[in-house]
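Structures follow.
You will see two complexes here that share subunit A, one where it goes with subunit B and one where it goes with subunit C.
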Partner chain A sequence: MSTLKRIAKRSEMGVLVPLLLLWIITGCFNRNFFSSMSMFSLLRSISVTLLGSIGATFVFSCGMMDLSVGAVYGLASMVAGMLMVNQGLPPFVAMLAGFLVAALFGLLNGFTINTLGLPAFISTLGTQYIGRGVVNVISGGKQIAGLPESFLALGGKGPLGVFWSIYIAVVFAIIAGWVLKYTVYGRSLLAVGGNEETARTCGINVHRVRYIAYIISALMAALAGMLSAARLSAVQATSGVGWEMVVVAATVIGGVSMYGGSSSIFGAAIGVAIVETLTVSMTMIRINAYWQNIVVGIIIIVAVAIDTFRRKKLSGGKG
Partner chain B sequence: MKKVIALVLVLILALGACALAETTRRYTFVCPLVGNEYFALFMDGVKEADEEFGCDTQMVGSTTADQEEMLDALAAAVAAKVDGILMPVHWPDTQNAGLLAAKEAGIPVVTVDADDEGSGRLAFAGTNPYEAGYKAGEAMVEGTGGTAKIAVLTSGVGSGGKLDQELDGFNDAIKDYDMEVVTIEETTGDLLKAVEKTQALVLAYPEVNGIYCLTTYDIQGAAKVVQENGLDNICVVGYDDGEETLNYIRSGAAYATIVQDPKMMGYIGVKLLEQINNGETLEETNIDTGTITVTKENVDSYK
Partner chain C sequence: MDKKPVLEMKGITKEFPGVKALDDVTFNAYSGEILALCGENGAGKSTLMKVLSGVYGEGTYEGEIYVNGQLCHFTDPSKSVHAGIAMIYQEISMHLDMSIAENIYIGAWPKKGGRVDWAGMNRETVGLLKRVGLDMAPDTILRRLSASQQQLVSIARALSKNPRILVLDEPTSPLTKLESDLLFEILLSLKNQGIACILITHKMEEVFGYSDRVTVLRDGKTISTYNREEITEDRVIADMVGRSFDSYYPKETVPIGDVAMEIRHFSVAHPFAAGKKIIDDVSLNVRRGEILGVAGLVGAGRSELMNAVFGKDPKLSGEVLVEGRTVAIKSPEDAMKAGIGLVTEDRKKDGIIGNMTIRENLTLSNLDAVSSHGILNLKKEREFAGRYYGDMGVKATGMEDWLCKLSGGNQQKVVLGKWVARVPKILILDEPTRGVDVGAKYEIYKIMVELARQGVAIIMISSELPELLSMSDRVVIIADGQIRGEMPASECSQESVMALATRN
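This part shows the complex of A and B:
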C-alpha cells in the first residue's frame, strides 16, 4: 500500500491522469486508436518531440529558455540533407556536420546570455531568426529530396519492428534522467536554476553550466530534425517552424518549471505524449477542423489545472 | 567591442544607402510562405526577369501565411515608395485595403498566383484556381472510378480565397458522381503535420478512398502514409511538382498532381510591372499561366 501511495504522490502522476483520460476517451470514440499502426505512429511522433523536450528540460532546469530549437531543428537537417544530396557526402559525415552547426548555435546562445548578459528569451529569439534566415539562404527555399537510402533507414523500423526514433529517444531519456538526478552536473544545473548567486558562492561555474545546457538543447533539436527528415524522406526549408512552442508547451505541461530548480524527464515525456496525442485524437474523435484549436486549448488548460490543484493539495493547500 | 559594432552598423547603413541611390527600378514581392518551394520556384522566374530587364525585386512576407505579417510587409513597401508590388491575393477581405492604398500612393500593383479584381491591381498572372480544382476533381473521378469518400488536406481551414475556389472547382467536378467529401483536415502546410493527420484520418475514416491535397507538401504527406502502410485503395491527388511528389507519382503512391507554373508567374509578374512603368499598353491584363495534370503516364514527359 505504501508503495502505491508513494507512486501516487509522485509529482508526474498529476499529468499522467489527463493523458490516460485523453487516451481512454479517444479509444472509446474510435477503437482504431489502440491499433498497432496508430500506437506506433503516435510513439514515433512522441519520440521526436521528446528529444526537443529533453533539451528544454536541461535549459529550464537552470532557469533559462531556448526559443531557437525550431530553427536549429530545421538548420541541422537542412545542412545534413544538402551535404548528402548535393555534395554526396556519406550520411555519417553529413550528420556530424549538422550536429556541429547545432553545437555552434548552442555556443552562440550561451555567449549572448553569459557574456553579453542578454535575457535568454530575447537572445534565443534572435538566434532563432538567424537560424531560419540561414536555412532560407542556403536552401533558396527549396526542398531537399533524394536522400540516401542508408539515411532513410534511420526513419524506419529497427529490431522487433519498433521505429529507430523510439529506441533513440528512450536511450537519451534514460541518460538525461540519470545525468539530471545523479551527476554533479545535474545538481549544479538545478542549483543554478534555484539560485544563481548561491550556486556561484558554492563554487559552481555558472557560465559553464549554462553553455553545456544550451549545447545539449541544440544537439537534441538537431537530432530530432534529422530523424524527422529521415522519416519524411525530405527536408523542407520551413521544417521546424513553430516547433519551439510545441516543445516548450509539452515540457511545461509535463510539470517542468520554466523558472528553474526542478526537473523531470518522465514528466516532460508525459507532457509530450499529451501534446502529440491531441494532434491525432482530434481527427480520431472526428472533431471538425474549425473546432479543433478550441478543443486543444481547453484540454491543455484542464491538464495543467489538474496538475496544479494536485500539487496544492499535496503541499497542504500552501501551493 | 561597442566601437566595432557601431562601425559595422554604420558600414551596413552606408552600403544600403548606396544601393538605394542607384536608379534601377525596385519592386517588392509580398510572399505568404517564405521558405516554401512553390515560391522559391516563383522567385527563380522573378530573378530571370530581374536580369533581363535590369530591375531588382525583393521578397518579403511571412513564413507561416500570417496575414498581419503580410499586411505589415505590404505597408512597409508602400511607405518605401517602391516602383511596383507583386502580391498574391489569397484573402481579398484583409488584403484589398492595403493594395488599394498602394494604388492611391501611385504604386502599380500586379497580382500573382491568386487574384481579386477588388484589389485595384492593374494585371494578374497566375492559375485560375477554379480550373485547377476542377482538374483535380476530374483526376479523382478517374482514379477512383467515380465512387469515393474523400478526405481533404489543406494548409488552413477557413482561409478563403484561392483554396476555397479550388475546392469549389473540385466539388463541381465530382458532384455528378457517387462521391463526397467526408472530412477536411488542417496541416498548416507542414509535411510532418500532413503525415500525422493522414495517419490519423485513415484510421478514423476507414471508408476514405480518396485524399485531395490542397497545398504543396500535403500530397507528399498523404502519399508517404499510403506507401508506408500499403493503402493501395486510396487515390491521392494534389498540386505541384516537387521532386519528391513526382517520385510518389512514379511509384503509384500518389495518383495525380496538378502542376502549376510558379516560375512563369514570377517572370510574367515582373515583366508586367516593367511594361506598366515603361508606359506600354498591356495587351492582356489577365494572364493564365495554365496547369497540367501529371500522372504516371506523363510524369517523365510533361516538362
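This part shows the complex of A and C:
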C-alpha cells in the first residue's frame, strides 16, 4: 500500500477534510482569517482546549466520561491565583498547589466511579458542582487580578514568537499519543474501554487504570485553566463554566469513541481545531452568535452518529 | 403427511467473513408437529433461526422463506413475528423486576383509550399462563420465579402473539429433568393445538422422546431429514458428528504427576438470590498432566466456582493451594502470578476484546513479557504474538485483523493462545468448545492434549458429555453447588453422570 493510500485510509482523514474546507471557506469570506495574527490567536485557543481534549481522550478510551473538567479548570486556576496574589507565594509553588487540588478531584472521581460504582456521567456532574461551589466559597465570587509578572509570561510568546501554550499543548499531545500507543498503561486503558471484563480477567487492574485516567484528565484541565488565567491576567469565579462541553464536543468530533477502546490524539486535535475554528469563523463571517451553538450541536450529533453506526457495523455480522 | 408445509426455507446460504455459516440449507415444518433440529454447536442451527426470525434480515443471506406457501420478506424481526413466527431463545431474556404480565406484553401493551389496559392485560395473562400450566398471579415479580417457571413465562409470551410456528432454541438447557418433562408436556399440547414446534436440541432423549421428525444440520448444511420412528439414535449422532467418535477426540494418556492445585472448602454466594450459596463447601484437586472434567447442569455453580478460584468473583470462604502452598488470590492478577489461567465461559463477555487486533488480544495477558519498565516493545510483541498465532492455527488474513471479524472457533483459539502463552501450571477451561465449529474443536482438543503432555494441569468444564467423558482423565459432578460424585472418566457413562448431575 502506498503511503498516500495509507494516509487516506486513516480515520482522522474524515475530520481533516472538513477542517480544511472550513478554513478555505472562512478565508474566502474574510481574507483576514489567514493573517498571522488571527491564525496565532486561533492556534492559542486550540492549544488550551486541546489540553482538555487530551485528558478527555484518556477518559473516553477507558469508556468513561468526565464532566468535572470545567470546574477543575476554574478551581485549579483560582487556587493558584489566590495563593499568588493573596499569600504572595511564588508562582511555581502556587501552581503546584493548583495541580494538587486538581489531582484530588481526579481521585474523587475515581473513587465515586470505581469504589462506589456510580455511573460516570452522574458522579462527575456531582463533582462538577462541588468544584464550582468550592471556587465560589474560597473566592467569594470575586475575580483575582494582579497576578505576578513571572506567571503572566506563561500567557505570552516564547521562542519564534509562538505562544507558550502552543508549545506546551504540542509537547503534551506528543507524550499522550506515545503513552497510548507504546506503553503498557496505554494498552491497558484501551483494553478496559474495549471490554472491561476481559481486561480484568487478563490481570489488568481496572480500577487503577481508571483512577489514573481521571487524574490525568484533571491535571490537564488544571494546566489549561492556569494557561488561560495567565493569558487573561486574571481568574474569574466563572472561568471554565461550560468548558467541559466544549472539550467533550471537540473530542467526539475528532473521532475518539465515547464507547471506549479506540483513540487518536491527532483526531482529537483536529476535533478541537474544528470547534475552535467554527467559533472564530462564524464570527468572521458574521453569523449570529446564537446560530453558532446550533451548528456545533448538529456537528456533535453527526460525529456521534458516525461513531455509533461504525460500532454497530462492527458488532453486527456475527451472532 | 402430504399436506402443505406451514414453513419452507429454501436454499438458505449465509456467509460471515471467512466462514460459510449456512450452505444451501433447505427444510420444512408442518402444522401440528414437533420437528427436532439437531446439530452440534456451530452446525448453523442458531444462525438458521436468526435468519427465520429476521435478526439477520433479508438481503444479508441468499435463499427464500415461505410461510403457508407465501414468499416472505423478513427484513426485520417484527415482520417475522407478524407472519406468526415466535422464538424462544436459549438464554432467558426477561426483565426480572417486572411482573409476569408486563414481561408477556412488553412492547405490545394492550391499550384502551390510549392508556395501558392493566385489567385486560392481567386477564389475558391468566389465560396464557393456564395454557403453559403455570398457576401464578399475573402480577408476580419475575425474580421470584425459578428458571423453569421463567422459561414457561417466555413461552406464554410467545403464545400471546398467536404463533403458527414456535421455535425453541435448546429450551431445556437451564432446566432440571423434572422441569424439562413438564415443558414437553406443554409442547405436546401446543402441537395438538396445531402449532408447528421447531425444537433445536442436541439431546437425543428429547429428539426420540417427543419429536415427530428430525432434521440434522452439520457444518452449515442439511444432512438428513427422517421420520422419528424410522431411525435410531446412532444414525442421528453419526449424521451430526460426521465421523466416528474415536478419531473425533484425540485423547492421549500421559503420565499424571503430583497435585498441582487444590481447592479447599470453597463457598460462593449466589449472584442473584441473597443469602443463598451457589457453591457450598466444595473441595477438589487436579494433578500435573491431568485433565479434570467438571460435569453438571447449567446453574449448578461450576463457572461460579472457577471464577471465584481465579479471583474474578468474590468468595465467601475457601483456600487455594498451588503445588502444596497456600496462595492468597484476591484478583485475577494474583491467580495469574500463582500460575493459573482461565478461559472463561462466554468469550464475548469476558474473553475477547472485539475491537482490538489478534496481536493485541494475544498479548493482553502477557504485557509484562513484551514490555520493560512499562514501555511496550512492539517488535517483541509481534514476534511473541506471531508465535502463538501460528501455534494455535488461527485462520485469518493476518495478525492485525480485528478479533470481532473472526469466526467463533478462531476467536476461541486466540483466547486459548493468550493463556497458553503464559505457560500456566494450571489452566481452567470453561466450555472451551462452545460455539466453535467442528474443525476448530478438534484443534482445541489437540492443544489440550499437548498441554497435558507438557505437565499442565487442566480443569475442563463442559456441558457436552461426550466431549467431557472422552477428553478427561477424571470427572467430578457438581449439582446444586456441591460435589455429587467423582470417578475416573473410563468408568463414567453419560447416563451415570447425568443421573448424578440431576439428583437433588
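In this section, the second predicted complex is superposed on the first by the 286 of 319 C-alpha atoms of A that agree within 3 Å, B and C clash if a C-alpha of one lies under 4 Å from a C-alpha of the other, contacts with A are read in each partner's own complex, and residues count from 1 in each chain.
One rule holds in what follows: contacts are C-beta pairs under 8 Å (C-beta built on N, C-alpha and C of every residue); 3 or more make two chains touch, one makes a residue touch a chain.
Everything numeric in this text was worked out from a predicted model, so none of it was measured.
A.B. asks: Put subunit B and subunit C onto subunit A via the superposition and say whether they clash or fit.
C.D. replies: Subunit B and subunit C fit side by side in the superposed model.
A.B. asks: Per the contact definition in the header, classify A:Thr238: touching subunit B only (first), subunit C only (second), both, or neither.
C.D. replies: first
A.B. asks: So in the superposed three-chain picture, is A:Gly161 touching just subunit B, just subunit C, both, or none of them (first/second/both/neither)?
C.D. replies: Touch status of A:Gly161: no partner.
A.B. asks: Is A:Asn136 contacted by the first partner subunit B, the second partner subunit C, both or neither?
C.D. replies: first
A.B. asks: If we overlay the two complexes on their shared chain A, which of subunit B and subunit C does A:Arg286 touch? Say first, second, both or neither.
C.D. replies: first
A.B. asks: Is A:Thr201 touching the first partner subunit B, the second partner subunit C, both, or neither of them?
C.D. replies: Once the two structures are laid over each other on A, A:Thr201 reaches subunit C alone.
A.B. asks: Mind working out whether A:Ala145 is in touch with subunit B, subunit C, both or neither, as first, second, both or neither?
C.D. replies: In the superposition, A:Ala145 contacts subunit B only.
A.B. asks: Scan A:Phe33 for contacts with subunit B and subunit C and give back first, second, both or neither.
C.D. replies: First partner only, subunit B.
A.B. asks: Report the closest approach of subunit B and subunit C over their C-alpha atoms in the superposed model, as a whole number of Å.
C.D. replies: Across the overlay, subunit B reaches subunit C at a minimum of 19 Å between C-alpha atoms.
A.B. asks: Subunit A residues touched by both subunit B and subunit C?
C.D. replies: Touching subunit B in the first complex and subunit C in the second, no residue of subunit A appears in both lists.
A.B. asks: Looking at the complex, which residues from subunit A come into contact with subunit B?
C.D. replies: Those in contact with subunit B are residues 30, 32-33, 35, 37-38, 41, 45, 132, 135-136, 139-143, 145-146, 228, 231-234, 236-239, 241-242, 279-281, 283-286, 289-290, 292.
A.B. asks: For subunit A, which residues are in contact with subunit C within the complex?
C.D. replies: Result: residues 182-185, 187-188, 190-191, 194-195, 197-205, 261-262, 314-315, 317-319 of subunit A touch subunit C.
A.B. asks: Once bound in the complex, which stretches of subunit C touch subunit A?
C.D. replies: Its residues touching subunit A are 16-17, 46-47, 50, 55-56, 310, 312, 331-333, 336, 342, 344, 349-356, 360, 364-365, 367-368, 371, 374-376, 378, 402, 404, 407-408, 418.
A.B. asks: Along subunit B, where are the residues that touch subunit A in the complex?
C.D. replies: For this pair, the touching residues of subunit B are 33-37, 39-41, 43, 63-64, 157-158, 183-186, 188-193, 195-197, 199-201, 203-206, 217, 220-221, 224, 229, 242-244, 247.
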